[in-house]
Amino acid sequence: MIIVMQPDAGEAEIAAVEAKIRSHGLDVHISRGTERTLIGAIGDERRLDPEMFDPLPGVERSLHILKPYKLVAREWHKASTIVDVRGARIGGSEVQVIAGPCSVETVPQMQAAAAGVASAGARLMRGGAFKPRTSPYTFQGKGVEGLTMLKDAAARYDLPIVTELMDVRMLDTFLEHDVDVIQIGTRNMQNFDLLKEVGKVDVPVILKRGMSATISEWLMAAEYVAAGGNHRIILCERGIRTFETAYRNVLDVTAVAVMKKETHLPVIIDPSHAGGKAWMVPALSCAAVAAGADGLLIEVHPCPAEAWCDADQALSIDEFSTLMTKLRAVAQAVGRSIAPAANVVREEIAVA
Amino acid sequence: MIIVMQPDAGEAEIAAVEAKIRSHGLDVHISRGTERTLIGAIGDERRLDPEMFDPLPGVERSLHILKPYKLVAREWHKASTIVDVRGARIGGSEVQVIAGPCSVETVPQMQAAAAGVASAGARLMRGGAFKPRTSPYTFQGKGVEGLTMLKDAAARYDLPIVTELMDVRMLDTFLEHDVDVIQIGTRNMQNFDLLKEVGKVDVPVILKRGMSATISEWLMAAEYVAAGGNHRIILCERGIRTFETAYRNVLDVTAVAVMKKETHLPVIIDPSHAGGKAWMVPALSCAAVAAGADGLLIEVHPCPAEAWCDADQALSIDEFSTLMTKLRAVAQAVGRSIAPAANVVREEIAVA
Amino acid sequence: MIIVMQPDAGEAEIAAVEAKIRSHGLDVHISRGTERTLIGAIGDERRLDPEMFDPLPGVERSLHILKPYKLVAREWHKASTIVDVRGARIGGSEVQVIAGPCSVETVPQMQAAAAGVASAGARLMRGGAFKPRTSPYTFQGKGVEGLTMLKDAAARYDLPIVTELMDVRMLDTFLEHDVDVIQIGTRNMQNFDLLKEVGKVDVPVILKRGMSATISEWLMAAEYVAAGGNHRIILCERGIRTFETAYRNVLDVTAVAVMKKETHLPVIIDPSHAGGKAWMVPALSCAAVAAGADGLLIEVHPCPAEAWCDADQALSIDEFSTLMTKLRAVAQAVGRSIAPAANVVREEIAVA
Amino acid sequence: MIIVMQPDAGEAEIAAVEAKIRSHGLDVHISRGTERTLIGAIGDERRLDPEMFDPLPGVERSLHILKPYKLVAREWHKASTIVDVRGARIGGSEVQVIAGPCSVETVPQMQAAAAGVASAGARLMRGGAFKPRTSPYTFQGKGVEGLTMLKDAAARYDLPIVTELMDVRMLDTFLEHDVDVIQIGTRNMQNFDLLKEVGKVDVPVILKRGMSATISEWLMAAEYVAAGGNHRIILCERGIRTFETAYRNVLDVTAVAVMKKETHLPVIIDPSHAGGKAWMVPALSCAAVAAGADGLLIEVHPCPAEAWCDADQALSIDEFSTLMTKLRAVAQAVGRSIAPAANVVREEIAVA
């Protein structure tokens, strides 16, 4: 950490800063420039915080030199982490596609969805049983019943399931239902009690970026999970909030490149929530894979116009299948691969 | 709700939209313009959502005419709501100042803080026992012990207490400790399970705006609380996230004017978190009162430089006292008032 | 400037950075910490730029310690600058109100506006002859004819005039028409050729903040004007662009406090463009004065509903007059003053 | 346009709105709902503006149904426009890469750059002779001399040149120097006088998106150029400003998909300014091509570390050449192509 003193700071003020640094067990290095005196703290500066020094007399500002994250930082763990979910490896050379409907609705809907996404080559299935909705008056999800419906439908095609946990009191239920990947949604990225609890279990976690979270905040949220002992973390960019109103969010592909440099954890993209419209999903998916994403989380519904939520952003199974073919070509162009289409009896995909 | 059809939409497509509206029990009104056909849904459009219509063939886009919030909307409840907290009325002509340290630290710190804020004229006391921290490695709050320390210190001056609830599992403990006002923090504004639970209790709630929450999302979060039966809601603007990096957040005073028009609930301002520096607090506090805020939530510490968190944004008791004098003048200029300074034995304010 | 080396940077890489610093005439100071080596440049670091060092091998990042602005910085010019516009002093204890219509339309409109704003106590008059419009198909301003209409109307009440310069080729015409204050609009804040030209003339300049300009960029734009020799600069905050769509812009009152600390130049506020609705103007104006603004730039029209542009944000003369009374009380509460209402024959205010 | 009346609006107020619509030559259609009365204007609503109606008594708000742009809209011109620059077709199936240094510095630098970018397969060359710099104290470009240096270097490889015009007074000089494509920079996107002038000439224009410009504002800026008669417009996304500080801007790939739907004009991407660091350029370039961009504008320098500006974002010629190979594969994966590498004598690429 560096403390920049005001131009007129006196020796007593410099000494007070020095004393405060030493009281935390760090060493001190002073550099007297022509316009400012700088005081450097030598040692593990993570014990210090700018707010400790900024209110002291004579201090202009103070700043960290090191990044605040450690367990999730590539600096301390050079090799890329691969999260293995029952054989589907996320973070390796294969780009993994997770697909399924926004919300679990009915048994036939889930069966058709599972057959459809499996046939197109998705290796994991998503579906929301608990839904974070802006309005208290809209469908809030099927709840525990939905977990069973999702698990049963996915099991037929041996697809691990991904579903969102909103309430810390539901964690045991998730474990009982053998949820394969717990998703922490964008609105809960800094729900620290929830992060602490999923840090204690041995289940992979998809941690979505908050809609206005910085790279640093996002990695610190992951650090909460890792600090609890759970290192099977998958980071998911899903569009950030900006001034633009022509589309719901701005997919931040720069974050993919930056995150791959800053952390050893896998990074995936949710193109469906980013744009908010089904017709944008193919372009955003291709961009994500080209930018180096380790996976995609795509909303697919057997009959999008009838979906109970986010109907305008789900792909039909045919659209998804077409997209997968294109994505395989893009993946190959950047030296990656995507699982091939699977052999599924066509009738199973038909909506009941 | 209005559905705008594409320029080349045919009669069958118009009929399909009409049928979907009628299937939800609303009436239909069609307007054929020179460039577009518009279809209006007549009735309670809150049952409809743009995503129901946007994926239909021939639809260009659809939009709500009415606001999505109801219980909290001034349209449906013209008179301003006053939330009475043991005699401190928030939302009336008196501007209420809530003050105290960022975090509860020690018994002497809390006693000095309580004496100080009471003497300056604050009518309620704040203090964090559970702290939402960006890093898992920093002080996380004194927990339940902190609730007792806060309650005891405030009781001496008959100050109702305000403290943040982060974890739904702690609600019963808050009730047992007679927390007077439950604060929902900015990171939990859309923690819907938490909102539902505080909606069921009979304790006033301060609902902080999410750091990138729109006015509409903020009011819908309040609607969650109100829908549960708890109408004693106080909205708190605390600075929004923008592109500017010279200060932590941008205090949105426009939101005060807009919220007073949109909702009957009281609106207060947190100038301490907004700017993030103690020297900004006086200017922001004066601006907030001048803009029409119903209250202020200010961080005050007996010894700011020694505070365990947010040390750079707390006012000292003397600074707070000086500010209160200035605020009284501003309040009077806009036809409001602030409680006078109280008679507190000077020794009690001294830091132990 | 400080250059932070990568953890594995070698001696040759450190030596290369050192050589580059010395080649620009600065001295070098090296600090070897436990995790990083830091290289400090001692001397006038304004000659250096992070981009000079970031591409060098072994460099992690580099950062300025000093602010990039100099002529406009309070650090180098402690006393507040007062810009005197024919007797109206901006930046002193009197808060100056500049008022008038968005655009110059007709002679009677301008006469009524001048009479109205003068009677209410405005000391300067605004009016747009050249209008920056989002659409090429809307009214673009009366042009040179408008300058004459504005000057003539204002002259009757001895009001200095403020009007926007968009095109550098029009500067001579502005000088010929004795424009008292040249306004540089938000879209031209970084039109550097325009800034250079107004830097060469002896006419006060109002420099509006770009709608997403940082404090630093805004001050550097002012530095362009000052570097040309024109130090009579007035900075005007007019709302910034954020994610919020319920109002046009977010008035950034924090910027007032921060700018008064960073620069010696006067800072005024435009509450009309900030919110974009007339009903928001009173609250925002009061907030601005309470926060310490040195002036206000308010849109006033004799008949707002008939205004040729921005009709929804102009105050009527009666509304403006009422607001001025309130503003005088707020100004007094924070130790400032506003000029009293003037004696203007009532008939002159009536719309022709 | 639709005008939404307040719930308690009376017949006289409705009649006033109706009269105002008719006075502009449009027809009126009234729809009385259960909660609001809606008034529709039938005809070319581009003559109307919400601000005309919002200040009228009884009006809640009014909104456009149609987009404000016309000449540049795909709705009115279905076929994609291809801008032909001396044989390099932008907007067709070939993705065009424009490359070269940030600023023109010396003759040898330009010769090496031209040889290098030509050999790698770029079809046009960029270089800045007039530089928009945040600080008045940094290098402002070589000016007219730079235009000659750029033209001469590019001519050897028959590369059309792209360079930025900042000052309307320099347009004639640009024409005299046979500039092939005039670039309007991000800070001048709403410099309306400049847009009007380039609208009058017969030279292709690259119009960069303002750093916080909405899709609509960007297209309206293009409409200014088109309205002047110049339809050879290329739109360039270059990263938008957000809350994120870990990288300079956020490349908005969603904008590519949305723009291709909204307008018939070609859309290219500048990956160099978006991220601000050379190491981000490959990932962003691949993402842009995968998302459907019609071209790329990439900074390449024979010796990046010695570049006079933006040294940290330029690719070396080798890096650029490697990237081009990768981009050809991505282009092919999405059904496009990129010109092959050219045969350039290796010695010409060496830095003099």
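As written, the chains take the letters A, B, C and D, and residue 1 is the first residue of each chain.
Just so we're on the same page, contacts are C-beta pairs under 8 Å (C-beta built on N, C-alpha and C of every residue); 3 or more make two chains touch, one makes a residue touch a chain.
Quick caveat, the model's predicted, so the values are computed rather than measured.
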Given the two chain pairs A-C and C-D, which is bridged by the higher number of C-beta pairs in contact? C-D
For the two copies chain B and chain A, is the contact made of the same residues on each side, with over half of the numbers shared, or of different residues? same
Mind checking the centre-to-centre distance between chain A and chain C? Centres are C-alpha means, answer in whole Å. 40
Using mean CA coordinates as chain centres, what's the chain C-chain D distance in Å? 27
Quick check on chain A: which residues sit in contact with 2+ other chains? 212, 241-243, 245
Within the complex, which stretch of chain D touches chain B? 2, 4, 7, 29, 31, 33-36, 38, 40, 42-44, 63, 65-66, 75, 212, 241-243, 245
Under the touch definition given earlier, write down the residues of chain A that touch chain D in their complex. 212, 214-216, 239-240, 242-247, 249-258, 261, 274-275, 279-280, 283-284, 286-292, 326, 329-330, 332-334
Could you please specify the touching residues of chain D with respect to chain C in the complex? 46, 49-52, 54-56, 68, 132-138, 166-169, 187-188, 190-193, 196, 211-212, 217, 220, 223-224, 227, 241, 277-278, 304-305, 309-313
